[in-house]
Amino acid sequence: MSAIQDSLRPAGVQAAQIYDLWLLMLVVCTIVFAAVFGAFVMALWRAPRATERTAPDVAAISSQEPKSLLAVSIGLIVSAVGLIALIIASVLTDRALAALPLKDGLVIEVTARQWWWDIVYDDHEPSRIFRTANELHIPVGRPVVIKLKSSDVIHSFWVPNLHGKKDLIPGHTSLIQLRADQPGVYRGQCAEFCGHQHAKMAFLVIAHEPQDFERWAQSQRQPAKEPEGELQKRGREVFLSSPCIMCHRIDGTVAQGRQAPDLTHLASRRTIAAGTLPNTRGNLGGWILDPQSTKPGVMMPPVALAAADLQALLAYLESLH
Amino acid sequence: MAAARARVPRSAPAIEADGDLHARLSRAWGREGGVAGWFSDIDHKTSGVRFIVTAFGFFVAGGILAALMRLQLSRPENTLIGPDLYNQIFTMHGTTMMFLFAVPMMLGVGVYIVPLMVGARNIAFPRMVAFAYWVFLFGGLMLYTAFFFNAGPDAGWFSYTPLAGPEFTPGKRSDFWAQLITYTEVSALLVSIALITTIFKLRAPGMTINRMPHFVWAMLVTSFVVVFAMPAVMFASTSLITDRLVGTHFFNPAEGGDALLWQHLFWFFGHPEVYLIFLPALGMISMIIGTFSRRPVFGYPGLVIAQIATGFFSFGLWVHHMFATQLPEVGKAFFTAASLLIALPTALQIFCWIATLWTGRLNFKTPLLFVLAFFVILVIGGLTGIMLGSVALDLQIHDTYFVVAHLHYVLIGGAVFPLFGAFYYWFPKITGRMLSETLGRWNFWLFFVGFNVTFFPMHNLGLQGMPRRVYTYPADMGWNVLNAIASVGAAMIAVSMLLFVVNVAVSYRRGARAGANPWSASSLEWATPSPPPPYNFAAIPVLGGREPLWEEKGIAGRVEGLDVDTPMALVTTLVDAKPDHRSIQPTPTPWPFLSAVALTMFFVGSIFSPWAVVWLSIPVTIAVTIWFWPREQETQEHLALERRP
Amino acid sequence: MNNRAGIVAMSCACLLLVSCEREARRFQQPAPTAATPQAVPGSDIRAGAQPLTKATPNPAEQNAYAVAQGKRLFVWYNCVGCHAHGGGGSGPALMDDKWLYGAEPVNVYRTIVEGRPNGMPAFGTVIPESQVWQLVAYVRSMSGLLRPDVAPGRDDDLAAVPPESRREPAVPKTAK
Amino acid sequence: MSRREADEVIDVSALPTYVYGHRGIIWWGTAGMIAIESTVFALAGFTYFYVRSRVDQWPPSADAPDLLWGTLALAIALLSLIPNQWTKKAAEEENRAKARLGLFICLGFAIGLLVVRVFEFSALNVRWDTNAYGSAVWMLLGLHTAHLLTDFYDSVVLTALTVTGPWEGKRFVDVSENAMYWYFVVIAWVPIYGMIYLAPRLL
């Protein structure tokens, strides 16, 4: 999964504005550093050498040293002006970030959990609401309003290519607005330390052309595909009679768990385990049998399955497009 | 001493006592030999050295933890250290460096140097300072004992709730963290009171407030920052531990508490914390630059005002650690402005120092080298700090490796490099021997290069999206090379630290004799032999100028009339340091040590049972009472010398 | 004097080793060797059955992390649906001293795995064994049967009941 | 080893060996402690109002604390300032008997306060583990009680000292500083009283 996660390659208007501010800051700060460093080196260069024996220059105590005074004052004034300029630039950028037009914005609700992302696509029409996990699909060019909640500890929602961070804090609902301007797959990651698997709490943001997005959303609204063939049928039985059912949900079956990622369309996702592993048969099987060695501390327990049962289960899960 | 006399400038020979006076003063200010005497020692020089050595020990421990982290992160998908241990390690690293190294180290240097600099014979409240040392030591030992038994805190040095709260950190890990905070804060607060009092009331006659050396000013401002900042984290950690142990709801949103309350309380301390590590370093820089450019530092009033301003404004920008939380626009603008404008006082000081170097005659010895590194590293750290102070930009780089780079540039460049300069500068005063210049230069260059190799790449890592506090990272993120480079740099730093330890070990025995004033510096601590006798000064000097050992009339005279057989201090007036009264100082006693033991039982006990707060307060009370209860014979001696106001 | 110091040192060591076990985070959750399902002796499904005399230890009860996991699962697996937070509802209360089927870990284990008459389902197939033992440990903590330094503190939720770590041990008596 | 022949010699042998008030060292120690503890009280207050800002109804799900005991404590505290000041003067007049008497009276007041304090806790109408409001209130009252206890014990030790000795002039300074600390404990109670007892009725 070669998804980029890089604040220096903005793919959305918000990230672009911040990137411009970064460039400005970088230039100004480089100039300042060059100036200070130059003066510093110059001072070392021109000052005569001495030893402990050299008699101290006590004259400096009484004299006002107007030259130095002038130089320091100028330096101070220049710094003050520069800083004020940067403050203004920063505040303006901040305003611009808040000023994203949200007309016909797409509303998505993201709930962070240790250590994955529960995603609900809201809609005024209840039948059109659907749920997925760890993979955020958005239409290019259309503003997206994301409601951020946490169900346990503090997490932080961060997709560097699209926007800066926003913390998800239990007891608070925060909002982040962003807009992707070029199609692509962008990686996001939790940016607030949240426990054992803070390192492996990632997700993908996939920016589609609007019509592709609609197609995707339509498919996600469907209940899970009925199993075809004995193997898949058996696989569903395995799913419903094993620990999976306690936490996971597959729409259209009795599995209605809310504690773990919704698997209704598992096969349509690119990764499993919150952006940790590519969604392949091998990874999926290994993950089910022994999630703890991939993600030590993850809430998912190891599930002991007979080889045949596992094959059936995988067949079923892979049918959930 | 022959060497000494030769090195000291004509104008000011060391203030030394002849045999008989030396013996009597030593009896009055010294301590008994033997183990009991060792535990009873209340000399500020002893306490100072103990603080410095212990804090350095914790610095090494924290460094080893850092090395382990760099080892784990040297390549992607590394399984050397699992998340559980890694989280404990980075939490211990941060906690150690902040609470067990930086603050106690700076205060320890202050405890040793400030009384000498102001021409006092001991620090004010010496028993309290000894007590503060033991409390600090036991706190650190408790934390590391817990760590070795797998009970090391693992919620970060900032212990954000709810992660550090009762639901998400079961067991006792966070309780040990919270209690460690209480230890170290008690210690730091007591030392600060002692320093403030020493600086205000125990200055030698003639050292008017506008003649105080820069380091004294720095420690004064630092102490005030401690007094008003540290209670915040103590209060916060107390609330955390009551949440965990007795079920209070300060940080429980379901019952009207709030996780953000923790962040406000913590950063109200946490930001000034940075400056109270930084401020003493500014003082050290001024002293060293003055001495090694052979002239008084340019712009005394400017530097003093800058230090006060820094200390004052440091309370106005804690929210810039919380920009990613939901904040009102106005607040954001205000805290952006505050966070950027605090750069001005620092800029002013840097300009003054450059002016000093420009017009001075430079003596390129190791202490100066370490201080010059400040001008490269701290300036970079300060500039990245400006970036982080801007709300918009912070949203991208907050909690990434960019911040890791920034804070190490500020803390190591701003505090640790000057601190090592101070080690090389004051080691001769403390031990009477010089550190090796050759090893010193190797130590410096390895540290300087290694530091930049380690931390400069982290700026890029952060911008390229690598978050902080991750125990591993995927192989296909493009972070591998820079992480590997950083780990190599860490190794270089480790070697340079090893060289320093060797240098100290060797020089302590075989270093060249220093004499009273090896650098022919101007401040008062150089007017007494190295190492200074228990009583510091045979006669309290009377100052005639700001640069006592440089100016012709720098030391205008001496004080007489202080009893030489009892520890009697001269107390002067606050502003113009006129002799005011004589104060008989406390004598050595083991009770500060024993009280610290009792307090340790109290703190550790309270982690396991709230009732310990009741029962274990009894031994504390008893110990403290015996500590304060006056002894008959001493009282008789005092009565003999007593003179009513 | 010397051997007193020795005793002190010993007891400290013990305390610290206890801390070691309490603080371990066992993600792999090895099935407790002492009590694999086969090793768990049955208690006949009859209210008022005598608790097993020989206790089978439950390693999870020494480990704060395991008990905390049990507390989480108690909510996740909707035990609260019938037992509430220990006060009981359509299912019996769990924070009192009454144990219909015995208070020993093995009794509780079987109750969860095999179910009991009048509504307690059998979770044997759907809850992995290691998690059952965590639930057992938590259930026993609800009536204060665990060490306070292992039992959970308050959670970030409505304060319906005092934290398990602050409950007085309710000496188990089997209902007649 | 030659002592430097200084031009100027200041002879301080005539200066007193102890003084009262801010000229002395002890005063600065006490003042430092007061500064620290005031900061803690201020933070506890901040927490109280922060918690208040998070809920609509105040106090949440509880009656406001009963006024009786808290107000009584306020009255006793303010009254105790009279003997406190009297003791302070007695100490500065260096009249040991008078100071001893004053200390005993102050102890009486302190004991009274501590007794009332017990009833105060029971009259809060909320437990520390009921909700954040309860926690904040108990923290405020607990912190202040801790100061009552420490200063009470401090006074006990000093009183014992006035009785048994060993006694010297600078002990009078200790008595005077103890009185200053008591001023702090009493004055701190006024805003805390306002927060615990009046804020729930006014906010």
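We just call them A, B, C and D in the order they show up, numbering each chain from 1.
By our rule, a residue touches a chain if its C-beta (ideal position, glycine included) is under 8 Å from a C-beta of that chain, and two chains touch if they have at least 3 such contacts.
Because the structure is a prediction, the values reported are computed rather than measured.
Trainee: Which chain has its C-alpha centre closest to the mean of all protein C-alpha atoms shown?
Mentor: B
Trainee: Looking at CA centres, what chain is most distant from subunit B?
Mentor: C
Trainee: Could you tell me the distance, in whole angstrom, between the mean C-alpha positions of subunit A and subunit D?
Mentor: Inter-chain centre distance comes to 51 Å.
Trainee: Measuring from the mean C-alpha position of subunit A to the mean C-alpha position of subunit C, what distance in angstrom results?
Mentor: 38
Trainee: Suppose each chain is reduced to the average of its Cα coordinates; what separation in Å results between subunit C and subunit D?
Mentor: 47
Trainee: Indicate the whole-number Å distance between the mean C-alpha point of subunit A and the mean C-alpha point of subunit B.
Mentor: 37
Trainee: Scan subunit B for residues touching two or more other chains and write them down.
Mentor: 84, 162, 243, 246-247, 249, 252-255, 258
Trainee: Which parts of subunit A, given as residue numbers and ranges, touch two or more other chains?
Mentor: As it turns out, subunit A has residues touching two or more other chains at 170, 196, 296-297.
Trainee: Where in subunit D do residues touch two or more other chains at once?
Mentor: Residues 129-131 of subunit D touch two or more partner chains.
Trainee: All pairs of touching chains?
Mentor: A-B, A-C, B-C, B-D, C-D
Trainee: Can you tell me which positions in subunit D touch subunit B when the two form their complex?
Mentor: Where subunit D meets subunit B, its residues are 1-4, 6-20, 23-25, 28-29, 32-33, 35-37, 39-40, 43-44, 47, 50-51, 54-55, 60, 94, 128-136, 138-139, 153, 157, 161, 165-171.
Trainee: Mind listing the subunit C positions that touch subunit B in their complex?
Mentor: For subunit C paired with subunit B, touching residues are 16-17, 19-20, 22-25, 27, 64-65, 67-68, 148-150, 152-159, 162-163, 165-166.
Trainee: Which residues of subunit A touch subunit B in their complex?
Mentor: It is residues 1-2, 5-8, 15, 17-18, 21-22, 25, 29, 32-33, 36-37, 39-40, 42-44, 46-58, 60-61, 65, 68-69, 71-72, 75-76, 79-80, 83, 86-87, 89-91, 93-95, 97-98, 152-154, 156, 158, 160, 163-167, 169-172, 174-175, 187, 189-200, 296-297 of subunit A that touch subunit B.
Trainee: Give every residue of subunit C touching subunit D within the complex, in rising order.
Mentor: Against subunit D, subunit C makes touches at 154, 159, 162-163.
Trainee: In their complex, what parts of subunit A are in touch with subunit C?
Mentor: Against subunit C, subunit A makes touches at 170, 196, 241-243, 245-247, 259, 292-293, 296-299, 301-304.
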